[in-house]
Amino acid sequence: MFTMKFHKTAAAAAAVLALAATAACGGKEGSAGDKPKDQTDEKALPTYEVAKDVDVDSAVLKKAQKRGKIVIGAKADQPYLGFQDQSTKKYSGFDIEMAKMIAADLGFTPKQIEWKTVDSGARETTVSKGDVDLMIGTYTINDERKKQIDFAGPYFHAGASLLVRKDEKEVTGPESVKDKKVCSIVGSTPLQVIKKPKYGAKVTELSKYSECVSQLLDGQVDAVTTDDAILMGYAAQNSGKLKVVGKPFSDEPYGVGLKKGDAALRKAVADSIKKHEDNGDYKKAYDATLGKSGSKFKTPPEITEK
Amino acid sequence: MNVLLDNLALFREGFLGTLWLTVVSALLAVVLGLLIAGFRVSPVPPLRIFGTLWVNVLRNTPLTLLFLVAFFVVPKVLFPGVDSFVLAVCACGFYTSSFVAEAVRSGINTVPMGQAEAARAIGMTFTQTMRIVVLPQATRSVIPPLSSIFIALTKNTAVAGAFDNVDLFNIQKTLSNDGYDIAVIFIWITLGYLVITYAINGLFRLLEKGLEVAR
Amino acid sequence: MSASVLFDAPGPKARFRNLVYSVVGSIGLAALIAWVCYRLYDKGQFAGELWDIFNYAGIRENILEALLSTLKVFALAGVFSLVFAVLLCVARLSDHKPVRWVAVVFIDLFRSIPLLITIFALWVGILGHMTPMWALVLGLTIYNGCVQAEVLRAGVNSVPKGQVEAAYALGLRKTQVTASVLFPQAVRAMLPSIISQLVVTLKDTSLGYIILYPELLYSARLIANNTPVGGVYPTVQTVIVFGAIYISLCLALAWLAKFVERRGSRSKAGIVPAGAKELEEAAAPAAPETKGPGGAAPPSK
């Protein structure tokens, strides 16, 4: 009897597997779910002139040129900044545009970019190991990280803020989070700040911001904290349900992460950022991506890491 | 700089987090596991089916997926506002309970058939047969696999670190953010786990010795 | 012992009582399922749009790709861990004390370290540069190799002493005894445990998320988090779909095990005492229950 039952279960299992396999063929075209194209104004995106015969004295770049591809680490779950549509596998957002600009100046067309999704906690390791050539994903420049890798930039200035549900009345800023549940990712800086007695929040640590947002929508937490630019993106993605409140309570200058000690590449990247900030590509890219989330345009910060 | 001495409080918090999570989940797993094993050998078909389903579903699902269910499906659909420690205990405990149930069932299988037959012959009911004759004998052969199940549980709690629980594994993130050498951090964390797993091992050896009978 | 030995063939009273229990049990079970379904329905989780995402070719390809990367790592780790296990087991049973000691320490150490840490440490570069895939494969190999080695050892120890003595008496060398007498029988005796450990290996490929290896669960999380429909994240739907895939994979593997076992046991059908067959049958999908004289039983995960 046992064997009989077992046969049936196994047959059912095989059927599900077969379904999964056949399912791969065919199906609707296009992207599933809410249309991520709302996040970027494709027409307004600038195109970047790809430099030819780039000669920079950098081991990382030389390797990439030999490979014919540059590997760039990006975020995949931050709408308007670094977002990957799961049905088309295409990346979009402001960080992605920055990456395309820089890659163009290093001699790579958008098609020659190999994107790699890198979660926040894995960024330093991925860069220092050389799994990615450049890391461009809401990457705050700070001293601890500078011990392990180098930065070029900053190209954008963000600050930690709070995301709450639309009908939230009590949480209006970092001063009013006492004993409220605030979510962020494991080991992130804004979380360490808001945990301190001065603010006194109860923290919830998960591994992705999008999971925090999901918990916020479910009512499991009262607020999500991280950089305002990221939060604006989520607020816009879930328009009518979430809002960003309070003044930024920290400085988060975003830079491009690269392998420690590669001064030539760092300079090339910094120059590239400067060039596009000056020639207007930066603003155009911003307006077509992050600007659509409601983040106001700010003049890019002065480049200190070069 | 010495990672351990500089961050003793953090290590303590992580160690206790792992220990606490392990102990509470283990208790839950034993209670559930015994219940499910009982279901699986009971004369009532729906209970048997429930037991089989429980074991097959939980044993064949990755723990991380169970954590996703616990943290993103349960609050959304069933019980909003549950504490994350409780959710983690449920995920670990339910998962482990399926292994405990199977270990107990195999243990029951090792009790000689004559014992149950004799129990029946003197007129014991199913519950009596189980409670007085079979389970006490099954316990002896269940102890060794149970020990490895709990050691596995200790290690599995590391998954909880990514889901809002402070444990030995996730303090690693805070420490490496502070710029400590990752290799040294790992050595101390590993030692923490070794302490717990060896304690479990020793405890069960003692239990085994205590229950030993010459046969 | 089969379940039926535990209770008498029910008489009319007991039959009635069992019927009552059955009805109550069934109603309870049905009520539980109905309640969960109602809550899902109530929260709009059965809305067609939320499930529609799996109708898109892109999402399906995405799942298939992830499935293939999971299977790839599983295949590599499965094979390597078994090979490694044989080596470790031989070392563990070696006549040379130092070799034995090294094996014991190695096995004990890596069985006690959470796999998550082993994988992470390998990826970070404790042993030099490693891609996520190889870090995952190597981590799984080391850990499961240790567990499987202990399983094998328990199997070797279960072979009656007389067989080894007979083999030596025939003039076989130690290698021959191990390869042609001990291991074939050990593998056969331990097949259920070996397979259940392989199921664990398959499930543990999901730990690859920590080092960004794009396996099934990693892709599940991205799909759930990046494909909101009307502002609702399809977490429930994704969990159900991916859960079904994992459970099917594991059951398929268990089925394969049964199949192999039945083929393997046919040849010895004549010697097996009547009761043993049933015992083996009942224990097949069970957690490893064997225990070597060394006191170490193979952990189930």
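Each chain gets a letter, A, B and C, in the order it is written, and its residues are counted from 1.
We adopt the following convention: a contact is a pair of C-beta atoms (placed from the backbone, for glycine too) under 8 Å apart; a residue touches a chain by one contact, two chains touch by 3 or more.
To keep track of the chains, here are their UniProt names: A = Glutamate transport system substrate-binding protein; B = Amino acid ABC transporter permease; C = Glutamate transport system permease protein.
Worth saying up front: this structure is predicted, and the values here are computed from it rather than measured.
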- Task: Work through the pairs of chains, note which ones touch, and then classify the graph as line, ring, star, complete or other.
- Result: complete
- Counting C-beta pairs in contact, pick out the pair of chains that comes out on top. B-C
- Centre-to-centre distance between chain C and chain B (centres being mean Cα positions), rounded to whole Å: 16
- Task: Please work out the Cα centroid separation of chain A and chain C, and write it as a whole number of Å.
- Result: 36
- Query: Do you know which chain B residues sit against two or more other chains?
  - Reply: 56, 72, 76, 162
- Item | Sequence positions of chain C contacting 2 or more other chains | 124, 221, 224, 233, 235, 247, 249, 251, 254, 282
- Listed in rising order, chain A residues that touch 2 or more other chains are 9, 211, 214
- Note on the structure: Within the complex, chain C is touched by chain B residues 40-50, 56-57, 59-65, 68-69, 72-73, 76-78, 99, 102-103, 105-113, 116-117, 120, 125-126, 129-130, 134, 141, 144-145, 147-149, 151-152, 154-156, 158-159, 162, 169, 172, 182-183, 186, 189-190, 193-194, 197-198, 205, 208
- Message: Using the touch definition from the top, list the residues of chain B that touch chain A in their complex.
- Response: 52, 56, 71-72, 75-76, 80-81, 84, 161-164, 170, 173-174, 176-179
- Once bound in the complex, which stretches of chain A touch chain C? 2-3, 6, 9-10, 12-14, 16-17, 20-21, 23-34, 76-77, 83-89, 116-119, 122, 125-126, 129-131, 208, 210-211, 214, 217, 237-241
- Could you please specify the touching residues of chain A with respect to chain B in the complex? 5, 9, 121, 124, 144, 147-148, 186-187, 189, 204-207, 211, 214-215, 218-220
- Query: Touching chain B in the complex: which residues of chain C?
  - Reply: 1, 3, 5-8, 10, 14, 18, 21-22, 25-26, 28-29, 36, 39-40, 43, 45, 109, 111-117, 120-121, 124, 126, 199, 203-204, 206-207, 209-210, 217, 220-221, 224, 233, 235-236, 239, 242-243, 246-247, 249-251, 254, 275, 279, 282-283, 285-289, 291, 295-301
